[in-house]
Amino acid sequence: MPGTPPTRYAYLGPEGTFAEQALRTLPAAEHGSRTPARSVGEALESVRAAEADAALVPLENSIGGAVGVTLDELAEGDPLVITREVILPVEFVLGARPGTQLDGVRSVAAHPQASTQCRNWLRAHLPDATVIDVLSNGAAAAGAANGEYDAAICAPIGAARHRLTLLSDKIADHPDAVTRFALLSRPGPPPPPTGDDVTSLVVYIAHDRVGALLSVLMELAVRGVNLTRIESRPTGEALGRYVFFLDCTGHVADARLGEALQGLRRVCAEVRFLGSYPRHRWTDAAGDRPVPAPAGLSDTDYTDAAAWLARLRSGELS
Amino acid sequence: MPGTPPTRYAYLGPEGTFAEQALRTLPAAEHGSRTPARSVGEALESVRAAEADAALVPLENSIGGAVGVTLDELAEGDPLVITREVILPVEFVLGARPGTQLDGVRSVAAHPQASTQCRNWLRAHLPDATVIDVLSNGAAAAGAANGEYDAAICAPIGAARHRLTLLSDKIADHPDAVTRFALLSRPGPPPPPTGDDVTSLVVYIAHDRVGALLSVLMELAVRGVNLTRIESRPTGEALGRYVFFLDCTGHVADARLGEALQGLRRVCAEVRFLGSYPRHRWTDAAGDRPVPAPAGLSDTDYTDAAAWLARLRSGELS
Amino acid sequence: MPGTPPTRYAYLGPEGTFAEQALRTLPAAEHGSRTPARSVGEALESVRAAEADAALVPLENSIGGAVGVTLDELAEGDPLVITREVILPVEFVLGARPGTQLDGVRSVAAHPQASTQCRNWLRAHLPDATVIDVLSNGAAAAGAANGEYDAAICAPIGAARHRLTLLSDKIADHPDAVTRFALLSRPGPPPPPTGDDVTSLVVYIAHDRVGALLSVLMELAVRGVNLTRIESRPTGEALGRYVFFLDCTGHVADARLGEALQGLRRVCAEVRFLGSYPRHRWTDAAGDRPVPAPAGLSDTDYTDAAAWLARLRSGELS
Amino acid sequence: MPGTPPTRYAYLGPEGTFAEQALRTLPAAEHGSRTPARSVGEALESVRAAEADAALVPLENSIGGAVGVTLDELAEGDPLVITREVILPVEFVLGARPGTQLDGVRSVAAHPQASTQCRNWLRAHLPDATVIDVLSNGAAAAGAANGEYDAAICAPIGAARHRLTLLSDKIADHPDAVTRFALLSRPGPPPPPTGDDVTSLVVYIAHDRVGALLSVLMELAVRGVNLTRIESRPTGEALGRYVFFLDCTGHVADARLGEALQGLRRVCAEVRFLGSYPRHRWTDAAGDRPVPAPAGLSDTDYTDAAAWLARLRSGELS
């Protein structure tokens, strides 16, 4: 039911990673149950199977890019829709068992993406330490806690959970790195428009049509719909066959986005709607302000044009 | 009332010109009254003033181009709509008083456009005759009949009316020349779609927007609406300020043309609808066959896309 | 030879019309010979036959639109190029033999376009006079001078030449009406760029290509070439077959216009170049200022991009 | 020197993975030295530092998509260019120490992407085995060889190198999966055009321009340049800031691609050229045939248009 927040939440585990941290920024999730899943696929399956009401999984990272497995899961299987996005600053810390000193660290456990994002810091502060690849930030923290490694690169929540001491915080090379998470539910009425919404789509273009991607962009441009993100993923059939993930400014209830969606439906081989939801404003940067509808493309302009067409068709006017 | 044909017809006079000949191709006009007007403006005013039900005036000629005065009258004043088009082969004859021989012709009266269209014939057959400019084809025939000139270039109907003998027929250099006439009425419900219709528009573009004409063509192209004619006319304000007359394939009742019209309404400074009416098929040339809607742009595709959008908005589907 | 002004000028006659007035605004023409021609075609033929060095003929009028016969002559026959444009305010006067009073005028001779442009004045000041159509403004003045008509609507130069008294001046309904004339010569190097030039083209589009006009506009838009005028004229083959006359901002020597021209050459059935010439600035209106090249489209940007490409091709750079 | 094949090759290690297998399809590499690198970054650095002449690294996989780390390395640091591509079918095998039987396998080591690609096979044939994530296909094979795991999902070359017996081959769910590798060298003259080439680019669009991506596609479309691949990667500055990796059909030496490149150079914030190289034809599928230049866009058409423009500029022609 729209209006009733979910009470059973799944998220990409293990515990103590950024996904859990992101989930806990949602007040409703603080009061509901929160179950870690072993993979993005498992998290989404639990929603499809109605074992959870919603699942929080990572969509993209400002350094590492799209999370391919999430995109693939959203494009295939039973449809799910995004009802919220959460954008979380990615803050890495170096944690170790109490008593460890920085100059005594010889081995550091880290997920490869985490060590990549902290490369400069490691070079400057631990030039001689060995970096050991592990499979998640949570696994790194656990390994440091049980003495397998001297230290771990992990999320603050992971260090806290494994009672690690922080040898250093904010060790990422890009201090502004963020990860964007999506909260996914079974299909239902989208949240009401807020005036600053995002609509996500999966678009399959007909590869036998020259300029098919150009057609897609034209359908959006003619209605003044702004494209804030485009990702391609292979369809798995062959190289050169892609599916596109688009994020557009606006809500499915808006007239111009509605018309653009209908246009995409007609020119594309397939369109999957991934939801309309409020944009998460995580900064006050000027460039992030919602853009008003271009001249002639507001809902009022659409209503006026539709009324005019009705008058033309009835012969009341020319 | 739709369905009731007009009974009082005006046409661009004088009698004995191509306009009268075109009007008489309409069965209803054969049974109604037919009044010549001294000018296109006068013909249209008689409809606006309800002194006539419909007026037939020339729109364009395949040699001479658009009839500027008709376009200007349609763009200004109280709105009128086109309900029929008539395309008439332009056949010029050389008429003279009975007894005149071709080799005795020393002076030929002709409207300048008529003598231009018969230039090669005149050069070949009457190289020494003087061509005298007169103000209409009907005036040429009248002048030959009253002995002012030895012969006249005129329409067959003009020769017949003034009892002229034909010294030669089909004397035009372009044997395929045609004139397109429009039958104009006061606004009312358009004739029903036939599957092969034309929609005429007057479009004012915002001259302070770069690429405004490109925007107009985009609105049509994205909906697969074919443009069969584009004419520019000065708005009268200044050089470089134009109004465009467009003929599109399709009917205002068609989904894709309706959406394109709404798009034009939003991006243009002003759009005047000049009517949707059956295309006059005057030849069987292959190129003149109606073009089916491009893939994804039929009325069925529009209905399907609208239903899909409704399901998305209600949350039934993603 | 470039740099040597023409000395023998033809113009659309008869004497005493706007074309003569326009020609005399050119200092070189004041010192050369000036021969009236009976038609636009005759004026242009005299240049093609090298009997004249240049011919001045009307291209378009801000009220009446394009001068079809001029466009047709430029599109066909041996090529000629525009080397100058002259824009002349169209000022109509009412002239009569000395001694005539306004309230004694019962007949007024006028070219139909002239009487159309003075309709409101005639209605207000000579509501009962008969307007007689004649074939040129010069013929109207001559007819008034020889007593055939009481008065004539004509150009100031025509009234002066026929020694008519002005019963009223500035009688046109649109006080800002102008006519644009073109000075045509045999092909030769274009006048040097001035930074505010016009390039005129005749473009035939392939009518078997959907969206061919859109392609033409795209070729211009992608290079940031501004289109200040587009006129269609029938090709004479059939209705629906048009040739387009384009005026673009810029000079054939400019990089971006050169690239756009090459693009048109490739996508169009045929392109005829009608010349690059300085824009005639007849007002100081803000809207008439030359527009600087859009970002990335100046000659410098083109030179930079060409040099970069050369480096890529040679392998010096990636 | 063009023409001299590289002799010292680096590739993404460890030994026994698909990258080594791909490298050995190049005859020159068979005769040169082949050094495994620990990461894509290390492989490329060895070329930049002139310790190797060329490095082979994965670009994209038809199942897993782009290899983000490779794209990031190509977009940043000192420029390198692609001189060859190699497309290799991805064939997974299940290897184990000699004597192991399939029904005795309780633990399977696999890189997470490998186990994902063999999910259906595992479910059908080893429903009860535990899958253990490891960090590379080579590590899986090594782990099976030393008895740490009962079996390993790996490449055929990995099984051979570690003397594993094949319990099953072709176990991937998508039998047509391929990986595309790029051979990278320091900048130099591109290999000569073959008539079926690919050009790779990195494009930064100005994010303050609405429709910037549309502009990029327009620059290509107007020159008939076909886009076979588009990938977006975050620039690392912020969410919503992307850099695009484009693969186009054609060679930098082709006229139309050259003009399109210059256009991109002018409208984009930055363009990095990643090389023109022969397309690897790994199948004979009809859809993979090279597409001839669209009408009007061949090198001959470009040469003709350039010659025409030169004549226009010199005044020889109109």
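We call the chains A, B, C and D, going by the order they appear; numbering starts again at 1 in every chain.
Operating definition for what follows: a residue touches a chain if its C-beta (ideal position, glycine included) is under 8 Å from a C-beta of that chain, and two chains touch if they have at least 3 such contacts.
If you're wondering where the values come from, they're calculated on a predicted model, not measured in any experiment.
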_If more than half of the interface residue numbers appear on both sides, call it same; otherwise different. Which is it for chain A and chain D?_
same
*Between chain C and chain D, what's the gap in Å when you average each chain's C-alpha atoms?*
57
*List the centre-to-centre spacing of chain B and chain C in whole Å, with centres computed as mean CA coordinates.*
26
*Of all residues in chain C, which are in touch with two or more distinct other chains?*
218, 221
*Considering every pair of chains, which are in touch?*
A-B, A-D, B-C, C-D
*Along chain D, where are the residues that touch chain A in the complex?*
60-66, 68-69, 87, 112, 116, 133, 135, 174, 176-178, 180, 207, 210-211, 213-214, 217-218, 221, 226-234, 236-242, 285, 287
_chain C contact footprint on chain D (complex, rising order)_ = 2, 79-81, 187-190, 218-219, 221-222, 252-253, 258-259, 261-263, 265-267, 272-275, 296-297, 301-302, 304-306, 308-309, 312-318
